[in-house]
Amino acid sequence: QNGASGDGNQLQGEVKIDGSSTVYPIMEAVVEEYGMTQPEVKVSVGSSGTGGGFKTFIAGETHISSASRPIKDEEKAKLEEKGIEFTEFKLANDGLSVVVNKENDWVDYLTVEELAKVWKEDGTVKKWSDIREGWPEEEIKFYSPGTDSGTFDYFNEIILEEEPIVKNATLSEDDNTLVSGVTGDKYALGYFGYAYFAENKEKLKVVPIDGGNGPVEPTNETVESNEYAPLSRPLFIYVINQAVKEKPEVYDLVKFTLENGAELSEEVGYVKLKDEDYEEGLDTLEGLK
Amino acid sequence: MSTTISKKTEENLTSDQISDPTGQNIVYSTKQLNLWYGDNHALKNIDLDIIEKEVTAIIGPSGCGKSTYIKTLNRMIELVPGVKTSGEIRYKGRNILDQSYTVEELRTKVGMVFQKPNPFPKSIYDNIVYGPKIHGIRDKKILDEIVEKSLRGAAIWDEVKDRMNQNAYGLSGGQQQRICIARALAIEPDVILMDEPTSALDPISTLKVEELVQELKKDFSIIIVTHNMQQAARISDKTAFFLNGEVIEFAETDKIFSNPSDKRTEDYITGRFG
Amino acid sequence: MHLIDKSSVIKKMKPRLLVNTLYKTLFFAATMFGLLVLAVLLYRILSQGAGYLSFDFLQNLPSRRPEQAGVKTALIGTIWLMLVVAPISLLFGVGTAIYLEEYAKKNKFTNFILVNISNLAGVPSIVFGLLGLTVFVRALALGTSVLAAGLTMSLLVLPVIIVASQEAIRTVPKQLREASYAMGATKWQTIVRVVMPAAIPGILTGGILALSRAIGETAPLVVLGLPLFLAFLPRTVFDTFTVLPMQIYNWTSRPQEEFHALAAAGIIVLLVLLIFMNSIAVLIRNKFSKRY
Amino acid sequence: MALKKDEQKISIQSMIDENKQRKSGHMFIEKLMPILLLLTAIVSVLTTLGIVFTLIFETFMFFDRVSIVEFLTAKSWYPFSQEGSYGIMPLISGTLRVSLIAVIVAVPIGLASAIYLSEYASDKTRRLIKPILEVLAGIPTIVYGFFALTFVTPILREIVPGLEIFNALSPGIVIGIMITPMIASLSEDAMSAVPNSMREGALALGATKFEVTMKVILPAALSGIVASIVLAISRAIGETMIVAVAGGSTPNLDWSVTGSIQTMTAYIVQVSTGDAGYGTTIYYSIYAVGMTLFLFTLVMNMLAQYISRRFREEY
Amino acid sequence: MSTTISKKTEENLTSDQISDPTGQNIVYSTKQLNLWYGDNHALKNIDLDIIEKEVTAIIGPSGCGKSTYIKTLNRMIELVPGVKTSGEIRYKGRNILDQSYTVEELRTKVGMVFQKPNPFPKSIYDNIVYGPKIHGIRDKKILDEIVEKSLRGAAIWDEVKDRMNQNAYGLSGGQQQRICIARALAIEPDVILMDEPTSALDPISTLKVEELVQELKKDFSIIIVTHNMQQAARISDKTAFFLNGEVIEFAETDKIFSNPSDKRTEDYITGRFG
């Protein structure tokens, strides 16, 4: 499957990627596979979160920025201001997963309203019993991706509706921290990208979400069909046009990413796009060259 | 003070004393004592009886084993790793080299004064009460009494009585040495061991300590190591001459210095070696 | 006349001896506790990591699949870091030590430098990271390069090298210097030909210890922002890179057990490297110790 | 022989004389070297200045956005929430809790080891054990962090009810273990420096070893011991990776040690591993926290130096 | 011995020498030399003329300033901080205390041997060539020659010729001291200063060094500090007796030891103090 990018000729150079920690597992897989076909191309991958990634993208420090939300207008404006042209590629679908500890035997599902109520800051100490009667009278420990993350932005928009998140939530750009936190804490409640749940299925319990049509659990099918609403969302990479044009290795890497995106995103636990979406992306890419 | 002595002697007659043939009480009876530092045979077949309430001087050239012997008497020698002994030293009848003899108990009966004054870096008062305190005496009044008595006994009371709470390090070397003697007196030992107690002192301080030793022998048995033959002649009753780890001659001091029976003793005393 | 009741003294002897024995046992146990922890720590790490340890582990690039992951980039990166830190820190460390021991006059300024050095030795390593981030990464625009990290680490270990070198220079006997001066040698000749050769074992020992500190440090590098995933080797000092502790940290922070085992395997590699360096230090110390 | 020597004598001294022409070069080096060496010595001063100026400058940038009063007095530290709340106290509280636990672990064990090594152990034992203990101090802290998270925490959770996966207890204990050899080694040095005559003096009075240690050696070595403890505390305060890995990232202002906490150092790591978006308030906040940390450790270090200098015993 | 001297004297008349009233060449002429260590007035108004190709001994009790004086002759004294001098020392006419006189130059002409043997921790060979090398002599052949000649000169060639590359620390104390002498000879100085060169040596090594000094004076002017009066008497031509920083008497060695003109000299020589 790698043949397409190889062309037999060895490329050299440096590609810098930063951005979404949600997308990070895909990019990590892509870069690892890519390294086997083009060992001379030096690719570094950061995971500063979508917002943080865009900051370095704007500063011209990276060639590719991954994102778990579409680019914001103000970010676009800054890029335009600097005269940087860029292109958006869709890479995979994600079901933002709400998780609790394995030992949590009381939560069967949560409604969007319940999520909103419990995650919003209102000056009180949140207990499980505040959500539904009969649940333990224990303080909830919140674990959330950091405010620079696309995941947070998405959650903020859909669930919190731009109101402040509970103050004592543990916020971390590093999803591994969140996984460890929820794994180790019986009264924890957290959310993050589907891949992190998929990778740690045995340790975590995912909470079905009722968005109005009954509780739905995030799975490949429910995410792809958008049945898992409202927490399904697409994942992106953004590429600087000029880099594609001037650096064959950037072009080659993006091509490789799109060609292998379906397989690799499934492998790390996300849901692939439709085949024609990838075809479309590859066409766009050719247009940039 | 002399009254005290005679009283004491009487008291002690009733205790577990052993007498030598001439009827004097023997404090320490050393028999066939051998000592090795690793492979170094430092004491060889030492036989020596130390009489109570006498000053016994030990003389001999450097390295002959004087310090080693005196340190064996209160088992301080055990601090040196790799020391082995054979033979016995009977202190009032019991063999102190026997491991069942607790050193701590032995050392409450046998005080020691060292070559270099080694007061603790504490106040004069605390230096003196250190011994009584570790032995469980807490009563402030008794402690005060002990301090005064010991300092008087060491002939330094008048010099320090007004600065009990000053650090002992502020004193001169000679004063420090007398503080160390007072410290040893404070636990009322029977024997006082002194290893060249004046060699770090100036002549005047030396004289004071020598006078003090004369005074102390009324109450204590004293064993003193010295390099200074004049000193041995001046202050001791008996003198033992050590050479290469052996006792060459042990006799009345007068005899040793006027009419030694061994040629080597004579050579040493007349300064032909050492 | 007797103020001390001998019989009570004897009576109190037993409990005192008992207390002594008791505490001796306690003190011994405490000492053993440290050793025990060390043993447990090593055993844990060995048993956890041994499974992943193989020749491939040293040769493989990092991977998202634990079975395929290796420490090559990190190991090579660590070596790069040493290659930068060793010359820089030795140059400045030994230079400072020579200045302080041979040239500096006893005045306020010298005293200031001395106090400064001992304070610097106590500054937390993460603060050096902030310094490196501001000065090397940003102001000098070196990025997260080997050079930026190397300079930061050199400053971090500088006090260690200075103090060790001072110690080494100080133990060179005065008589050797006098002998040299008496031959008409100048001060610098004396330093180069007499003092330095005699001090070099001590300096090297200190240098190696400082280097082991440098390759075990994580915090400053985290602050500099070394990348998480790196599948290539640096070619010049201006390339970005990663080091063993960073790789270990990365694996540690992943929730899956497999990565923890990988982290343990990485730790074994790091510890072997450290043990190797320290044995060299010990060898040097033994070979050259106390010749005058 | 004498004759031959006379011939040669002229030759060597004259050779030396000839070479004297080059002496001017020598003299130049002779003048230059101290200056160069002074410059290298200045590097360490510059480093300190660099640290201080970096911290001060960026901290000022921070106080441009967040008032210093809030920084010092606010009781919560929520830099990531929308309105942001920047009160350093929770971070200081986390740091102090961890350090306190470390000290509680390290001081008794470290001192006991020092006493054992200096007063009870034979020379051979000491020379064997001391370096092994010092190995503990040389182990990279990331290793300890890993050990705390994957070994100590699970064990503690069996024992301590309600202990969360990230907590203050486990990293505190492990930091304690890490600084133990520092206390043991430095205190042992201080105790060994007490002259033997002092021990002999006390032992000769019938004191047991324990009594000698408590009443003579410890008081005499006190300044060295206290200095070693202060230094160790400074180390604990500045320790980073152990708390970053095992301590969690929840700044809170209470005295609980069972829950997730955040220390000053762990906060800096958290921001650094995530996104230190250059120029944001969060970016500057790590300097303000770094400054606080620096001041804490500086005070401790100065204190340690002061103690060991001021109270140096004269025996 | 006297013939050697006269011969040498004749030869040297052509060089830049200054003669004393009796026609002998003066190497060092010290005039009104005073020296202070801080406030400690260690040398007081020293006047002393040292004659070429003679052995001049300096004796006196401990602390009288012997080492201080000899170290002033090659300005090693400058290594001690806070030293001040006044007066002058003329070496072949030029005042060496003048700061325009480079010490390095002075010291290539004035060698020094110290109390404790202080070879460098290098091979024997490297020890000897140290001086020539720092003065820029690199030619291997010349260096080899210098090594042999110096070692022969120091009467140690035969003992070490087969182990040139071994570390000098492997040698005995006496051998080390002769290595140090050879090292000093290697740059062929005019004068050799020796500060108690035998005090750390055993009697046999001492004898060897003494013989060597006798041999060396054919070619070098030698100034030797010694505690050992017999040694001074045995090997020196002139002797200066120092006391409390002053020169009490300076004369022919024979005269000093048989018929000193000062009471204090006599007291010292007969062992009445010191």
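Every chain is named by a letter (A, B, C, D and E) in the order it is written, and numbering of its residues begins at 1.
One rule holds for everything that comes next: contacts are C-beta pairs under 8 Å (C-beta built on N, C-alpha and C of every residue); 3 or more make two chains touch, one makes a residue touch a chain.
Source: prediction; values computed, not measured.
Participant: Among the remaining chains, which ones contact both chain C and chain D?
Facilitator: A, B, E
Participant: Which neighbours do chain A and chain B have in common?
Facilitator: For chain A paired with chain B, the chains in contact with each are C, D, in label order.
Participant: With chain centres set to the mean of the C-alpha atoms, which chain is at the far end from chain D?
Facilitator: Here the answer is chain E, farthest from chain D.
Participant: Comparing B-C against C-E, which pair counts more contacting C-beta pairs?
Facilitator: C-E
Participant: Among the chains here, which has the CA centroid at the largest distance from chain C's centroid?
Facilitator: B
Participant: Just give me the whole-number Å value for how far the CA centre of chain A lies from that of chain D.
Facilitator: About 40 Å separates the centre of chain A from that of chain D.
Participant: When the C-alpha atoms of chain D and chain E are each averaged to a single point, how far apart are the two points in Å?
Facilitator: 52
Participant: Provide the C-alpha centroid distance between chain A and chain E, rounded to the nearest whole angstrom.
Facilitator: Comparing mean C-alpha positions, chain E is 86 Å from chain A.
Participant: Averaging only over C-alpha atoms, locate the centres of chain B and chain E and give their separation in whole Å.
Facilitator: 50
Participant: What residues in chain A touch two or more of the other chains?
Facilitator: 174, 177, 180, 183
Participant: I need the residues of chain C touching at least two other chains; which ones are they?
Facilitator: Counting only residues that touch two or more other chains, chain C contributes 16-17, 186, 189, 228, 253.
Participant: Can you list every residue of chain D that touches 2 or more other chains, as numbers and ranges?
Facilitator: 208, 211, 273, 276, 278
Participant: Considering every pair of chains, which are in touch?
Facilitator: A-C, A-D, B-C, B-D, C-D, C-E, D-E
Participant: Considering only the defined contacts, which chain D positions touch chain B in the complex?
Facilitator: Residues in contact with chain B: 122-123, 195, 197-208, 211, 215-216, 219-220, 313-315.
Participant: List the residues on chain C that touch chain B in their complex, please.
Facilitator: So the residues of chain C touching chain B come out as 1-4, 6, 8-10, 12-13, 16-17.
Participant: Please output the residues of chain C touching chain E within their complex, sorted ascending.
Facilitator: So the residues of chain C touching chain E come out as 106, 173, 175-186, 189, 193-194, 197-198, 291-292.
Participant: Quick check: in the complex, which residue numbers of chain D touch chain E?
Facilitator: Spelled out, the residues of chain D in touch with chain E are 1-2, 5-6, 8-9, 12-13, 15-16, 19-20, 22-23.
Participant: Along chain C, where are the residues that touch chain D in the complex?
Facilitator: 16-17, 19-20, 23-24, 26-31, 33-35, 37-38, 40-41, 44-45, 48, 91-92, 95-96, 98-100, 103-104, 112-113, 115-131, 133-135, 138, 155, 158-159, 162, 186-189, 191, 209, 212-213, 216-219, 222-223, 225, 228, 245, 248-249, 252-253, 260, 263-264, 267, 270-271, 274, 278
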